[in-house]
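Please read through the structure below; I'll follow up with questions.
Lettered A, B, C, D and E in written order, each chain numbered from 1.
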């Protein structure tokens, strides 16, 4: 009897508190109320949040960082990445993908492609409101949908952006120094971080 | 106008009760039959209301519909098997029973129609009753005064029936 | 009384006849029990109808109707208990399959 | 009809509880025979969520299985990561830096809080409380999941641990928020207990229902809070003292009866112990590297990680019981054999013994108190 | 004051006066009946719609949520949106179902739920029919719900439905007995079965002489309310439709508007049970200052609030515990309560009356608790291993 009454007191306290302690909008702090009115209000985005991958380009979409090395496709645990390397007119392979598809119905957002990529070309996006009217077609993202500028990356993950820019700058310097020292450039080898 | 409507209503109820009663004995599915019985009982309760016997009407609903029928349906559920739909639900006595009962109804009905009921209900047959309607107060007084002995006997029977039912239906 | 007494009596006669038909014809014990309820109700209809005439002490009819209802309830209870016991032992509720005069 | 025995059941009813049933915690099926409401036999049927986890892992690099372990028991991905990382570290003999050890323990204990609090919420839902306890539980769980999201990038599928350390260091100021949560948690537990522990209806429903005797618990190799509720003093954190647990002070609550109520209470008490552990760890957490530099080299090329030939069994005290990973390496980038000892699955084996003789409603709460996650049962 | 108090009665009278100008006397009677019927038929479903809103809002607040808030201001149009959704849903009838009965059951269940509104005194002179057996009528008619639920559960041909139906019957039949007995003290005290008379008997002390302020009245109120909660299948007695055990009990196989009818019956009975509890023990429409119907609504909705509060707090009982509570605790206690009520009226002197009745009730409930010891919670102590 008394246990029941105490429980009812607690629920009543919560009932009253929900009226007097509203949730602060757009914040993790909760008052008496926990509901967030989702489409209008959103939680602050966390920098490390990962959802589906995107391909990064520096200035214009043609000049993307991806060299179609296929490492991400190999390392992807559910094997949701499909890459075809581009060829030039003579049929020689180019360092850029012709086809780069990611099946978002299969992707499990683990972020291993981002970790494994030696060229910092693929990153996990914050975009999570993807959805389609049918089961698969609209959720297989092609290269034009996946390509996003580096500024987007700088916006969603500023800390990582700074670190990666720093790393790329250093690498470029090293390469330039090496090129100056040795006229013949060494064969492209995936650098290990 | 109002009495005519009321009369029509009562006759309608009586007719529906009879249809439901036929359903009780004729429907192959015993569960449907029991539901038809509920209909009949409600119709009879409506008749009681029309006869200004509200207490009996309410007791009819409370006891029959609320308790007895629940029990019956429970028993049907416990003894119902899937194959029951295909088994014939009537035995071979249907035709003789039908004839005999038809004769019975014709006989009694003729008798009833022939009898002059004016001694009981006053002349004209359908005028409002001579007796005032029995209210709950009178009924209560009668039950606990004049009829207190049968009342007690009935309660003893109820207890006996209760215990008997438990003893018979218990699993051991 | 809005409708003639004899009409109510005929109604109860018909109800009685239907009830008896059910008792005679139904194979299912539960069916027989609910037919008996019909018969008891036809009796009740008579009792109430007469109580509203000036033939009797008006209370008596209603008191007896109450007794009948109560006893019908008792009857149904015990009857259904027997049906359950029967079903448990014989696995049937059809009267013509229960013809051995023993459990 | 002649051959049948003399006494027939009037009311045995065979009911399939599940696989689409609101409280089988996923796609789990119980084939129940009822007499009235009492259970006379119960056959658990599982496998509806089988995803071939072990075979997939045997065709994948060691790191590739890490996100799959998240999906074993999707309530506690951190603990699963922990178990798998321990197994691989044992296999390849990898040292883990101090700070990483501490963060791992913080994550494991936070996961325990998440799991226990939501399990109790679900149990109450099974008992028929209309979502109130579970929503109070989720209110707290959200705070911890927000932390996980901030640290690892995902709320539930963390994929945070790496062999020899962690994927990333803690972001700044997260430690303070964890401290705040840990400080506030006892208060929440008090409220939660006030709502539930002394509630007569809960006591009536849970006490002396689904008793798991000590001997059965031992012989059926039940682990985790379920075993401890039956009085089995078996906590891998104490026995193995893995990671830094041997340095931490905590106590193991033990029940006497082993019924649903004891399982509930043991979880509450374990949460209080976890809060204690967290307080110690948060006070002592050192600075330093978060991953063994030897292993950091493999981050960009997981396929180059080839443990030496051999076998290893790494186990942790996951919130549901002993979670073990058994690995056999043949020197290739893929494990030759990968086996999961899933606590939910093994704890579920005693379900029929617990349920027989109880009512349907009890079967549901017994299942709820066993605390299964179908992702782990069917892996 | 009087104007406000009688505003609905007078407006009905005004309509009738208006009608009598060009209609015969017989027709006026019919019009009068139609007005009452129309008022109830509109009020019942309207109450149901807004009780769903009320419950969702309230339970939401208890759980630190907002509840419906998208459709209309404060989500006030949510019930209408739900209604439209229900109407447009596919009406599914299981293949093995008994189609006629499956269709009839939700219809049948709504009828008694609506009928009982006719004897509820909403305010002074605001009762559709003042039957002299009003209370009995209420109980009898609500007993018909059992049959309807049984029909639904049987016709669905679903084992969960069947289990739910069996549980329902067991529960409703068991709780009807203590419920009737718990109402007896009020009947004894007022000397009438008519709901209006019962309310009028509580009119003393400026409209505050409610039965609940006497010891037997308090116990009777608690018992009646508890049984009422069980009668309309609400938590902690929602065993017939326990969603975690038997999916949804008797309405597992219902969808669309039929399902809405089941819900309508349930919520209307929530309202009527609360209304009847208020009528019997909380003085119905009696009360100072406010108009009578306002008092009635305040009391009824307070009781409805408590029912929903129960729902937000309590887990449900098990079948045998629920039956045990009815037969081993409530039934004896209600019987003793009747005895105490009799004693109250045969003794004189406030001290003696109070002492005797409180004493008997306390001792008997303590004895009953002792008898029900197997159902009492145990205290547990836990060891810690290092």
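Here is the rule we go by: a contact is a pair of C-beta atoms (placed from the backbone, for glycine too) under 8 Å apart; a residue touches a chain by one contact, two chains touch by 3 or more.
Every value quoted in this text rests on a predicted model; they were computed, and no experiment measured them.
Enquirer: With chain centres set to the mean of the C-alpha atoms, which chain is at the far end from subunit B?
Expert: Of all the other chains, the one whose centre lies farthest from subunit B is A.
Enquirer: What's the chain with its C-alpha centre farthest out from subunit C?
Expert: The chain farthest from subunit C, judged by C-alpha centres, is A.
Enquirer: Work out per-chain C-alpha centres and flag the one nearest the whole-protein C-alpha centre.
Expert: Closest to the centre of all protein C-alpha atoms: chain E.
Enquirer: Please state whether A-E or A-D has more C-beta contact pairs across its interface.
Expert: A-D
Enquirer: Please work out the Cα centroid separation of subunit B and subunit E, and write it as a whole number of Å.
Expert: The separation of the two C-alpha centroids amounts to 29 Å.
Enquirer: Express in whole angstrom the distance between the two chain centres, defined as the mean CA positions of subunit C and subunit D.
Expert: Between these chains, centre-to-centre, one finds 62 Å.
Enquirer: Could you work out how far the Cα centre of subunit B sits from that of subunit C, in whole Å?
Expert: Computed value for the inter-centroid distance: 7 Å.
Enquirer: Quick check on subunit D: which residues sit in contact with 2+ other chains?
Expert: 10, 132, 135-136, 139, 195, 198-203
Enquirer: Please list all residues of subunit B that touch 2 or more other chains.
Expert: Expected reply: 55, 59, 67, 74, 78-79.
Enquirer: Name the residues of subunit A that each touch 2 or more other chains.
Expert: Residue numbers touching two or more other chains: 3-4, 7, 10-11, 14, 30, 34.
Enquirer: Quick check on the complex: what are the subunit B residues that touch subunit E?
Expert: Touch list, subunit B to subunit E: 1-2, 29, 31-32, 35, 38, 54-55, 58-59, 61-62, 65-67, 69-70, 73-74, 77, 135-136.
Enquirer: What residues of subunit D sit close enough to touch subunit E in their complex?
Expert: 13-15, 21-23, 34, 37, 124-132, 135-136, 139, 195, 198-205, 207, 233, 235, 238, 251-257, 261-262, 265-266, 269, 359-362, 364
Enquirer: What part of subunit E is in contact with subunit D in the complex they form?
Expert: 59, 62-65, 159-160, 162-163, 167, 235-236, 238-239, 242-247, 311-321, 375-378, 380-386
Enquirer: Which positions of subunit D touch subunit A when the two form their complex?
Expert: Where subunit D meets subunit A, its residues are 60-61, 63-68, 70-71, 132, 135-136, 139, 142-143, 146, 149-154, 157, 159, 167-168, 171, 191, 194-203, 297, 299-303.
Enquirer: Residue numbers of subunit E touching subunit A in their complex, please.
Expert: Touch residues, subunit E against subunit A: 58, 61-66, 309-310, 312-314, 377.
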